[in-house]
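Heads up, the next two complexes both have subunit A, just with different partners, subunit B and then subunit C.
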Partner chain A sequence: MNELLELITQIEQNLAVSVRLWIPEICLVVTAIALLLQRMVFPAWRRGASFIMFVGSVAALAVLIWQVAGQSNAAGSVGAFLDVLRLDQLAAFLRGLILLFAVLFSVLTWLTHWPRIEDRGEFYVLFLGSVIGMCTMVAAENLLLVFLGMEMASLPSYILAGFEKRERRAGEAAMKFAVFGAAMAGVMLYGLSLLGGSLGSLDLPTMRANLTALASHRDLHGHGLSLILGTLMVVAGIGFKLSAVPFHFWLPDVFEGAAAEVGVFLSVISKAAALGLLTRLCLTLLGTDQASAAGLPGPLIPFVVGTLSLLAAVTCTYGNLAAYGQTNFKRLLGYSTIAHAGYLVMPVAAAVAALPVSQETARWAVASMLFYLVVYMFMNIVAFAGAAFLSRGAPGEKIENYSGLVRTAPGFVICLAITLFSLVGLPPLGGFAGKFAIFASLASAQLWALLVVAAVNTVFSLFYYVRVVKVMVLDPAAQSLSFSLPLSSPQGMFLVLTTAPVVLLGILWQPVFDLVCRAAGCQ
Partner chain B sequence: MAGLIFLSAIVFLPALGALILLFFPASAETAIRRITLGITLVVFLMTLRLVFPGDGPAGETLLERSIHDVRFVAGEPGYQHALAVPWIRSFNIEYFLGIDGISLPLVLLTSFLSLLAAAASWSVTKHVKAYSVLFLLLETGMLGVFLALDFFLFYVFWEVMLLPMYFLIGIWGGPRKEYAAIKFFLFTLVGSVLMLIALLMLYFASDVRKLPEEARRQSLLSSEVMVKSLAPGDKPLHTFNLVALAKLGQMPDSPFNEPAWLGKSIAWWAFLLLLVGFLIKVPSVPVHTWLPDAHVEAPTPISMILAGILLKMGGYGIIRICYPICPQGAYELAWFVCGLGVVSMVYGALAAMAQQDFKRLVAYSSVSHMGYVVLGLGAWSLVPGVWDTQYWKMGMNGAMFQMIAHGISSAGMFFMVGVLYDRVHHRDLDKFGGIFGKMPAYTALAIVIFFAALGLPGLCGFIGEVLVIFAAFSYSRVLAIIGASVVILTAGYILWTVRRVYLGAEYRGPHAEALTPLTLREFTVGATLAVAAVVFGVFPQTVFHYMAPSVNRTVDEMAQWMKAVSVNVVESAAEETPEKVRHESTVVLDNLSSEVLEAGSQR
Partner chain C sequence: MILAGILSPITVTHYLVVGIILFVCGIVCLVVKRNIIAMLIGVELILNGANINLVAFSSPQLFASGTAPLLLDGQVFALFVMILAAAEAAVALAIALQFYSRFGTVDVDQGGQLNG
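Here is the complex of A and B:
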């Protein structure tokens, strides 16, 4: 009887702490409800939806920052809701990134006047649902929550992809996306159950303990095959969210068909959440300390490293090469995000490779991935915001339509050019600092072959990014072009404010790097 | 204090100027041109201030002295005005600038040619504001490359000058400008990516803690890194400090000697990657193909900068980074470097001879002339047992001098071609002739400069070439003889060009009426270059006075490394004593020397 009471008290206490730490997401839920009510209660308040969305996401971000700032490092890791969520520094950082994106996203949609005022409430509600799913993904420490988070993040994005109802291409893209997504969700679920079944638990730390115990038996009690299949299927499921090759088929069509605003959403935080999940799965299952990582069954770590390296190398190379032939700017950016997914998986491979050798190196690799994510977020926001402004103001989305744009919109083109060169990875821009950090993590984990692939890809990527700049700057102006966007307009100011971090992160990146180091737990 | 921030001021003044120009209305073309010229002039005067004669306030050490005085102390091999401030602590990256005898002449050359190129930029009439902004950013990048002593910082500056160059060729270039611009961009980026891999290899193999304390102090580490390195701990302390990396590379038990791949060491691979990266810039055959296109399409002032300064970055990188940091790779690959140098010399000269286009001819002459630089840097003529560094020093000094000389003569040649092109709008060698009659002053200046490129004694081209050939002779007679005979080819194409363009009865090509005498501005630019060609040809000491101590020190350090490595082999063998082992050790030594001789005699 006493034990039961004690358990109940424990649950109560845990619940209180958990709910307190989950306030940012609760804020988002409240925002979503407010958005739904606003349509009914104040139908005349036309800008209401954008306003509520902005205030809600800022509040959520503020609460999160306040909570993290008040925390000491040691108390940074809480197993919330009876250990199904691990609210540690890594989760806090990624949730912060996702919420920061939500804030910027609300501003962006405000400025691009898309979607139409009437549809905006629903649009934001769907977006918020997906964001909450992503916050769950990056914190999940239980396979059930992993799947729940994934689906919660995915389902609204299928609808968002087809949100432009009058656009035929958008409908087709959403259909492809949904069908492919459903299939991949099935694969992922199968993989998760194989892993959970063979390791006898859904709780990641317990699974790791069981894995270590299994390692002492010869031939893993016959679980070898299910472990391998399970790993491959889970990687496939996450690979779909990351749009890694060969799970990328949906992406170019979706990016071409859907609005640029949806593109930036899919390319930035969807990937951030998937990477957070991948990192947590790898690091929790394969060892939180050196000894246990070294005690794992022999070929397990090389197998995971090999799978991830191959995935990264193929994704990166394919994305960069396939981008060559593109004539549609949004589709080109789609391939560029495929390539960047490849760069982003590389440090995760490096982290796993370094696990048995040095925890410190592994943490550095995670930190470099997080740092690149930050830079990547700003770069993609500028690029897609540019695409969004262009698709409303310029005739067509073909790159050739933008020829000589620098004559009519010089400030706009300079911002876009800076970002595109940053995506190539040229100093002194943020893209270079991020790539440098990733390359350094590969070198320190001794993954030289992958480093060479990454380096060669940098050269590949030069052509198609520069081609866009070339058309805008070097080519003679098209007669019909009347697009202009002065930097003093709100849209221009938004571009300047999001381009500034791209430049600053290439020159003064120590403060942000300290932040990601803290999130990854480096000393 | 002035001495500490002086170099930073030199580097960032053009960038600041570019920032100021952004606020000018694009229509104020004359004002923008004048401001650009003014800024390059101020930068040139500031660099000139470095070599102002006279004694500054005395200080105990070189460094203390250079804190109070901006003057460069000649005859000192060490770094002056060094400033190291932590930049990115997570990777021990420092903002580290410093100047020594190797970088000083190149910095002066950069500011000098930038000034002349800015003066030659009056011929650019399209989008003057954007042109000036990019031009000034380019100057910041170039000065930064020559002054950075942190490998990461060096890399950043190296890349910073890529973008302005891409646009300067791509917007203001000739008919095939876009092709030329992207080709230049792509080749250079390949080189930089190779450099980045080598940079990471060296960084993760380095450990400041392995250096003896004296060497750490000499490496001018920032106080913060110094403190870190003294604190107890067993984690390796990686560094990008070029001086520290060189000291690490020259330790007998250098961490870079660890085997890396295919039985070769880290030093070997890093050397190869860096070498290819720098050779693309030099450029050397077979990675030279970007150069004729870029040079031909670029506008005249940018061609001057390309040939005069950008190519020198490759040579500078080899002498500053490749050799001191990876002496082992350099030693094993000396035959490769020298071979490429000679092939470039011959190929460049032959290709120049076959050109119809005046500017293309000058571009290929650059390939040929920069071949001398590669040969001079590569000729590792030190033989174990003899330890005579005289010829090696001669080669390195000759290569460095050749870089300065070529900077003047090639910029001059491009300017001379540009002057003609501005008037008659073609560059076809067969349609020239008789320019002497129409433009006598111009022709006189042009002939001085072309003869300087030819290597006529008394002009600047001669000194570097002759020193390099002397040095090569003691490394390999075959290479030296081939190299020396290239002078004949050079004389061939230059004299032929002079005959076809300047001599002859009269000009029969298009736009004959446009052949007006030089304007005052053009005359000033041309005459300055011609005077410089004569001065450096007659008084090469003016350059060697500053340069030689640092170059000689670089050679001496590498010679010491080689001695230490050879002695180590002997000693460690001697400790194990048995006769057989001792015999083997002498065999090792013999092999070392015979390898050099063989490598020499085969070529």
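Here is the complex of A and C:
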């Protein structure tokens, strides 16, 4: 009974602080409710859904920025809701990135006139539900919240994949996505139950402490099998969200079948959230114990580094090689997304590898991952926005349909070409700065084999991105092509505004790099 | 020998064996069946296999030491999993219904417009 009273007092003390820090997500919940009510209360206000969505996501982002700007570095790490959520600088940065994407996404759907006005309310509600799940994922410090966040992020995305009801392929894509997604979530849950059971807690720092105790008592063998199985199953579940090979098979189908707007959502923040979760799991479970300040002995760190490196290398190579034969532009972008998932897992492997040697190197590796994530977000928004505008205006989604596009829409093609070159990683664009940071982190963690794989892959990827640009610029114009998109139109301005960071991050990376270093906790 | 096995007290290992059997049944169901409904049943089996693990890890009677690794946390987790499984089934069945109305079948191989 006394324990219960103690718990209640603890909750009371913790609740006010926790709720205040969780206001951005509460803003999103309020927005979702307002979207649902708007149809009933003001049915005549046809633009209402887009407007409410935009205002709500901007408010959430503004509150988050105001909160982060107001707190000092030392007070940055707070355990909210009885320590099930760890709201530190890393979580704040990733939540900011996710909310910034939500703002840009609401503008993008406004400009592409998709989905139809009547369906827009539901579309945004599902999107917001997924965004709240992702914000939970990047902050979760308890296995229950890890699973809850994953499911909250996944369930609405199955529906979003099949949102285009008249499109046959969308139905098939949604069905594949839902069945494989549910299966992988189940596998991950089984892994979580094994890890939680053998480490005696669901709370990550406590699990970390118990892991040290097990390792120092040479008791690891009794739990070795369940730890290894659990780790592999959890990596499989996160790998599905990241579309890492061999869990990638849903992604090209979903990207081809679903609308390009859903593609950008799945390729950017879904990955950002999964990477944030992977980073937190690795760094908390394998990093230095906060209580005893001891490193982790035993073979676990090499095992995790090996698994993640293999995953990253195979994913990257497969994505780049499979992209060669693609004729559909959205499908090509799907394979490009798989390849980039590989590049983004590499610094996480580097961070884990550096943990026993130097905390600082590990933090730099995380910072390089976050920096590339920022560049990657803008690159993919431009590429998918381009695909969305094209799929509404041009005759078909095949790359050959776009031949000679530069003659009717020069500004549009220039923006798209800049982005595709940046996806390859050519200087002086943002993609080069991001790739350079990742390669540097691999070198400082001494993962030479992975560095070679990454470098070779960059060369591979050159050809298929450049092929798209070549078709659009050098090939003779197709007869039926009447697509034009002047940069002075709202759509053109959106493209210019999102291409600008891609270029700027390649020249003036310092402000953003300071930001990611602060998020990763580098000195 | 068999009698001794039957009469020995039930420990957490027995429950874990039941859990892994359910898990493997679920995986086999997913791999073998081509019917969406049957595949969803496989998913439910996987989730319930994990749930048995969680509840077993939170039951102090099953451990010789008299205390369990997860205690109440594991039971709360299991409850959440049940709710999420229901939500997941609702979403997946709605998608299956839409698939049926478009293709006239719930066989996943009959879609065939996309080749992943």
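By definition in this document, the second predicted complex is superposed on the first by the 502 of 523 C-alpha atoms of A that agree within 3 Å, B and C clash if a C-alpha of one lies under 4 Å from a C-alpha of the other, contacts with A are read in each partner's own complex, and residues count from 1 in each chain.
Throughout what follows, contacts are C-beta pairs under 8 Å (C-beta built on N, C-alpha and C of every residue); 3 or more make two chains touch, one makes a residue touch a chain.
Only a predicted model underlies this, so the values are computations on that prediction, with no experimental measurement involved.
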Looking only at subunit A, is it subunit B or subunit C that touches more of its residues?
C
Identify the partner contact of A:473: answer first if only subunit B is touched, second if only subunit C is, both if each is, neither if none is.
first
Now for A:463: first (subunit B), second (subunit C), both, or neither, which partner does it touch?
first
Does the superposition put A:427 against subunit B (first), subunit C (second), both, or neither?
first
Can A:451 be said to touch subunit B (first), subunit C (second), both, or neither?
first
Could you tell me if A:117 is touching subunit B, subunit C, both of them or neither one (first, second, both, neither)?
neither
Check the residue A:493 against both partner chains and state whether it touches subunit B (first), subunit C (second), both, or neither.
neither
Can you check the complex and tell me which residues of subunit C touch subunit A?
19, 23, 26-27, 30, 36, 39-40, 42-43, 46-47, 49-51, 53-54, 56-57, 69-70, 73-74, 76-77, 80-81, 84, 87-88, 91-92, 94-96, 98-99, 102-103, 108, 111-116
What does subunit A use to touch subunit B in their complex?
360, 421, 426-428, 432, 436, 439-440, 443-444, 448, 451-452, 455-456, 458-459, 462-463, 466, 470, 473-474, 509-510, 513-514, 517
The answer for subunit A against subunit C in the complex is residues 143-144, 147-148, 151, 155, 158-159, 162, 165, 168-169, 171-176, 178-179, 182-183, 185-187, 189-190, 192-194, 196-202, 249-253, 256-257
Going by the contact rule set out above, which residues of subunit B touch subunit A in the complex?
87-91, 155-156, 159-160, 162-163, 166-167, 170-171, 177-178, 181-182, 185-186, 189-190, 193-194, 196-197, 200-201, 203-204, 235, 261
